[in-house]
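Both of the next two complexes hold chain A, though its partner changes from chain B to chain C.
Showing the complex of A and B:
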């Protein structure tokens, strides 16, 4: 039954790709990348309670990694993709081992410093990274003989979201996910229960950052352009806001937040201009003050209220 | 050698700004354990409030008394900091929310401030007049712009004042008591809510002053906040989060590493942007207590 539901959702989301025009396709594809990023960030921040600002930097490592390996160094695409993902995991592991010792917001600032260092390196990378202009003018090569163009690439992104969601749901429902939540609630108690706190934190950080790298690699072929500002700080704040507004620690909340905050500017910008960003800030403050469970918590409450009436 | 001495003045001035930002963090962080990342935007707000005071109040060509701008910044930012504490931080503390909740709420506040600045003042940089013009000043072998000496003088006096406040006044001791042990301090009859409110007001005022002092060199700009927030935090981590002197020391070390590195190291200038981040990571990992250890309870 559950498998059928998954299949139906994937097919529905894929069919949508074939019905959209050029501009709508672009919007839809980027939304899918945001959802994938929000899902992995939700696990790191919402489930495991680690506030890190490096999610977009790792997406950048994935994107720049695959483009440089495949198009600057001319490696076969499969090798390039595997190489970029491996690089992401390795870097994430190197960052995670020392920095997961840091508590609370100090982790955020260490990862923020890492994210800024990544931007400096990319900006100064000369020919290899294209400097501030980034890299453009490459195209996705055939993968195993398949040419993934147009709507078919959108289907790849749908599968990316499904894969990310599947991995994270499995993880969350396993003992590992429970260990993550225990550490978030109280690290000392978790350690006393026999959970290896450091190891759990390092694995979580490495895994979610690798998933971010995968999403980044997929993003690289959405516009066939990558440049530094995309992987900067503004977007990591937006990602954080998506999780807070949607509902921390709930995959459905993360997806809801990502869809809403990603699409909101398209509706709001013609009406209020850039003031929509002020609105986002207000929304975040209000969510933390009055609705810490986010919109998904609000929906849960509504469903609960409607439930008894339906039964009656 | 002349080159080096001139660099010293300029590094001292930047270091003082970083030190003020670190101090703004510290004033909030000590009694509340809240890292208020919105401080960067508060310094940008300070710059805009000061420049607005100087340029729109009918005296043409920036001839208004500068002290008015300083007072305006301290009062307006103090009120804003107090209001933010009242509206966002206090309800969370009262509810007993985890310490990350106010920190995240303050990230929302950060965005509100930054985007409001662009709405009110536009996205273009606003030139800010230095109080003593663009003169060059030489004191002995040291030479620099008048604004640099002004920054150093104001910062040193402010640090002296804050040091006296913490060391010599009852209120300062109350701050310290809350920092050492919130519960015990509350039991001793210290009003936690008032200390927190005062901490936010004071931190905002200091951040605003830093922004105003900085603005003649960079113009008031809505993007000026985030770099200052990062540099100030780096300075705080270098100096140690426990002591007022540490904030200034950390700021000066950061500025000297940045400027000497940019001047004498044979690397592309863009890469020198990486110094504060590299320093921040190094100190967080190797010496998280900073150079000056917090004072033990006496």
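Showing the complex of A and C:
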């Protein structure tokens, strides 16, 4: 039954790809990348309670990694993709090990530093990273003999979201997810129950950063252009807003938040211009003050209220 | 008994700067034994407790669990060896159900790594099912069956204490450390708690208690270690302890009365 629901959702989201025009396809694809990033950031921040600002930097490592390895260094695409993902895991591990102490803001500071360092490297990377202009003019090579163009690449992004969701749900519903929640609530008590707090934190950070890298690598072939500003710090706050507004710690909330806040500017910008950012800020403050469980919490309450009547 | 003690504390000393909180303390705990650590305020009971649980590192001396030295080990590894504890102020995981809270206690027994979980290996589900079943039994044992799915923040103080005990037991401990378990409980709750602790010990689990409430403690403990100013001043059965002149001296005043009243009837 659950497998059928997954299959139906994937098919529906894929079919949509074949019905959209050029502009709508671009919006849809980017939205899917945002959803994938929101899901992994939700696990890191919302479930495990780790405050980190490096989600887009790791997306950048994935994107730049695959493009440089495949198109600048000419490695076979499979090798380039695996190499970029491995690089994400390695860098995430290196950032996490010294900074995931029992308490404090070490991880927040370390990831902030890492995000800035990444920007410096890609801006100053000369020919290899294309500097401030980034890299353009490459194309996704055939993967296992398949040419993934147009709507078929959108299907790849749908599968990316499905894979990310599948991995994170499996983790969240396991003893590992429970340990993450316990650590978020009280690391000292979690340790007294036999949970290796540091190890759990390092694994969580490495895994979610690797998933961010995978989303970044997929993003690299959405426009076949990558440049530094996308992976800067502005976007990490939008990602944070998405999770808070949608409902922290809940995958459905993260997805809802990502869809709403990604699409909102398309509706709001013609009306209020860049002031939509102010609206986002107000929305976040309202969510924190009055609805800490986010929109998904509101939906839960609605369902609860409707539920008994339907049954009666 | 010919078997070695489960816990062996030898020459344990803890200094905080110039203050000696615990000095040259030695005692053993056998399997299935209920040992109480008592003493006036500031005697070093809580410090000793935290040294054994691994929250503090001793300045000198050592602590062994089943022959293995545990002093200086990280808290989670000590728990992993089968030493589970409760907290004096209830410390439930607030965002989780009662069952999930108890399941956290079973963590030391779970073998599934992240890779096993991601690969969806079948033993992961079996292990989880077993842990859930055991958690259900323990919730029954402590009498919180009505609250299984409840938000733990809605529990009363006494119920919260029972959750602490169920969570510690979920790790199938060899030793359970109870930090003032009777504090804040009603008389009825205390008598239920005593019966529960006896049953836990009867299953072969060592129970180490830090406690103020003599009425609760003296009839319950198999053996009592009395501390004063960080030193052991007496050790023995409840009946001997209350007659010990050094203990009377340490407990002069109100507490001395409590000592006499709480002594089991001869």
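One rule holds in what follows: the second predicted complex is superposed on the first by the 307 of 312 C-alpha atoms of A that agree within 3 Å, B and C clash if a C-alpha of one lies under 4 Å from a C-alpha of the other, contacts with A are read in each partner's own complex, and residues count from 1 in each chain.
Definition applied: a contact is a pair of C-beta atoms (placed from the backbone, for glycine too) under 8 Å apart; a residue touches a chain by one contact, two chains touch by 3 or more.
Please read these numbers as outputs of a predicted model, since none were measured by experiment.
Using the contact criterion defined above for the overlaid structures, shared-chain residue A:179 touches chain C, although it does not reach chain B.
Applying the stated contact rule after C-alpha superposition, one finds that A:170 touches chain C and leaves chain B untouched. By the touch criterion defined above, A:19 reaches neither chain B nor chain C. In the superposition on chain A, A:207 makes contact with chain C only, while chain B stays out of contact range. With both structures placed on the common chain, the touch criterion links A:196 to chain C but leaves chain B unconnected.
Of the two partner chains placed by the overlay, only chain B lies in contact with A:241; chain C stays clear of it. Touching of chain A by both chain B and chain C, each in its own complex, is seen for no residue at all. Here chain B touches chain A in the complex through residues 35, 88, 91-92, 97, 99-101, 103-105, 107-112, 114-116, 118-119, 226, 230, 233-234, 237, 268, 270-271, 273-274, 276-278, 280-281, 284-285, 288, going by the rule given at the top. Against chain A, in their complex, chain C makes its touches with residues 53, 55, 74-77, 79-80, 84-85, 87, 91, 93-96, 100, 103-105, 107-108, 110, 112, 114, 117-118, 120, 124, 127-128, 131, 167, 171. Note for the complex: chain A touches chain B at residues 49, 51, 98-99, 101-102, 104-106, 109-110, 112-114, 116-117, 120-121, 123-124, 233, 237, 240-241, 244, 274-275, 277-278, 280-285, 288-289, 292. Those residues of chain A whose C-beta lies close enough to touch chain C in the complex are 167, 170-171, 174-176, 178-179, 181-182, 184-186, 188-197, 203, 207, 249.
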